[in-house]
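Chain IDs A, B, C and D follow the sequence of writing; residue 1 opens each chain.
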Amino acid sequence: MPVTRPSLRLTHDGALKALGGALDKAEELGVPQNITIVDEGGNLLAFVRMDGAKLLSRETSLSKAVTAASHRQPSSRLNPADEVKLSLAAGQRLTNLEGGLPIVIDGHCIGAIGVGSGTGAQDVEVARAGLRAIGADDQIP
Amino acid sequence: MPVTRPSLRLTHDGALKALGGALDKAEELGVPQNITIVDEGGNLLAFVRMDGAKLLSRETSLSKAVTAASHRQPSSRLNPADEVKLSLAAGQRLTNLEGGLPIVIDGHCIGAIGVGSGTGAQDVEVARAGLRAIGADDQIP
Amino acid sequence: MPVTRPSLRLTHDGALKALGGALDKAEELGVPQNITIVDEGGNLLAFVRMDGAKLLSRETSLSKAVTAASHRQPSSRLNPADEVKLSLAAGQRLTNLEGGLPIVIDGHCIGAIGVGSGTGAQDVEVARAGLRAIGADDQIP
Amino acid sequence: MPVTRPSLRLTHDGALKALGGALDKAEELGVPQNITIVDEGGNLLAFVRMDGAKLLSRETSLSKAVTAASHRQPSSRLNPADEVKLSLAAGQRLTNLEGGLPIVIDGHCIGAIGVGSGTGAQDVEVARAGLRAIGADDQIP
């Protein structure tokens, strides 16, 4: 068996483009947001907090992004009956809130985007605009 | 687009006046309280723990104040079905307890007051007295 | 004595412009960086980690930015004999590393920029480019 | 041997008077400060951050106060050769910075005051004014 496997990584240009696409959508909707981009390891790549966004939603946007990168699926796919115990066991970063989406290109999950300060539906809409800005798969799996 | 926007900040005189107004009300009610004033960024500005107040309610009063400053609304406006997952995702500072109110003057949210050690209704009553002491809007939004 | 004082706040447009100016300079130098913009309260406004930047320098760039916002001066102005004890006493966010600069416009300190992953001199050069991009004072005080 | 021993505790009125005395002195000096009052258990009793005080000095003022309450002596009495290892071993709250003084009345140490954002000498001068405002012993032991 080989000791390496080929992979893709999200560049900072890609991360900033995704951030910009999400930002434009949030401005179009008139909903100030916290927008977080993480890499496949859940480490912060890019971030913006818009004027008027809720301060504590910075953390929720990060939790959503880390969850989506970790599980390679939207952040709202846990069984609600398990969400609190899973979050506690996972160090509180795991969340079942809507608004975190994996960034998948050519079949590789290369990171995630998390959005927080609007309604769940607004957060998802803004996150999807971020995916489209870099040609990532926005077919929510 | 401009790189700055005009704003107001709460002075330490204002913070101490709000603290004093809340303290007077708590003494009138005979309910010892923890009273926390934060600025618009959730950073501590002024605090007092009254004789006999519950020690751990220092943290709840801070959580209430930070939540109200972050969301620019009273700290008890989350959907109860979401409050635990929101708090976990936001790093545990976010709370749905009563007793945190934003400090709004001339349309600017310049901070918040959080009160903890009494009943929810007493905490809110004391927080509102803090708002009145500095002419802040006490019409709960 | 008044309960409020007039102030300025850095917009997210301003924060992203400063980030972009710093990023351009880092690319020109060929030095991948972590670039952090915080507001006057030390809360994160914008961030990027460039391809190849050191992962842990995300934290140093944040510490530099928070220190510069807190003290309203470059992050490298502590007495070296005191820097470790000051950092410990201040909860480890305070640093004496080069690369954090306050963002001052019209005499208001409205935030700070922190840069980390290069040499100290490179970090400062990149931070200064961020200041220039938004017309902030880059006369290091 | 008896199972209890008589003691004194600092009231919130006393804590606010000490805070006020320190605040007046800081205003007289023209030096914005963070002023922290803790009880004999190191728990926060009262606090104010003055306009323009360094944000991170909130933590140093608390560290100074907790150190003075713990050791019942000024916060700057450690052997410099030991200060870092002592701070690390004590959970980082222990500090050798100037500006923390025990509050001693009738021979009881009932708390401490910690001041941070000025020079060490200014911090001590402001802390001593706090002691005088409540008739506490300001003979630094």
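What we mean here is this: a residue touches a chain if its C-beta (ideal position, glycine included) is under 8 Å from a C-beta of that chain, and two chains touch if they have at least 3 such contacts.
To keep track of the chains, here are their UniProt names: A, B, C, D = Heme-binding protein.
Just so it is clear, the structure is predicted and the values come from calculations on it, not from any experiment.
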When chain A meets its copy chain B, do both sides use mostly the same residue numbers (more than half shared) or mostly different ones? different
At what distance in angstrom does the C-alpha mean of chain C lie from that of chain B? 29
Chain A-chain D separation of Cα centroids, rounded to whole Å: 44
Express in whole angstrom the distance between the two chain centres, defined as the mean CA positions of chain A and chain B. 31
Where the CA atoms of chain A average out and where those of chain C average out, how many Å apart are those spots? 25
Which positions in chain C are in touch with at least two other chains? 5, 9, 11, 41-43
Chain contact topology under the given definition, line, ring, star, complete or other? other
According to the definition of touch, which chains form touching pairs? A-B, A-C, B-C, B-D, C-D
Would you mind writing out the residues of chain C in touch with chain A in their complex? 9, 11-12, 15-16, 23, 43-51, 55, 58
Touching chain C in the complex: which residues of chain B? 1-11, 13-14, 17-18, 39-43, 105-106, 108, 110, 134-135
Chain C partner, complex, touching residues on chain D are 51, 54-57, 59-60, 63-64, 83-84, 87-88, 92, 95-97
So, in the complex, the side of chain C touching chain D is made of residues 5, 41-42, 66-67, 69-72, 82, 84-86, 88-94
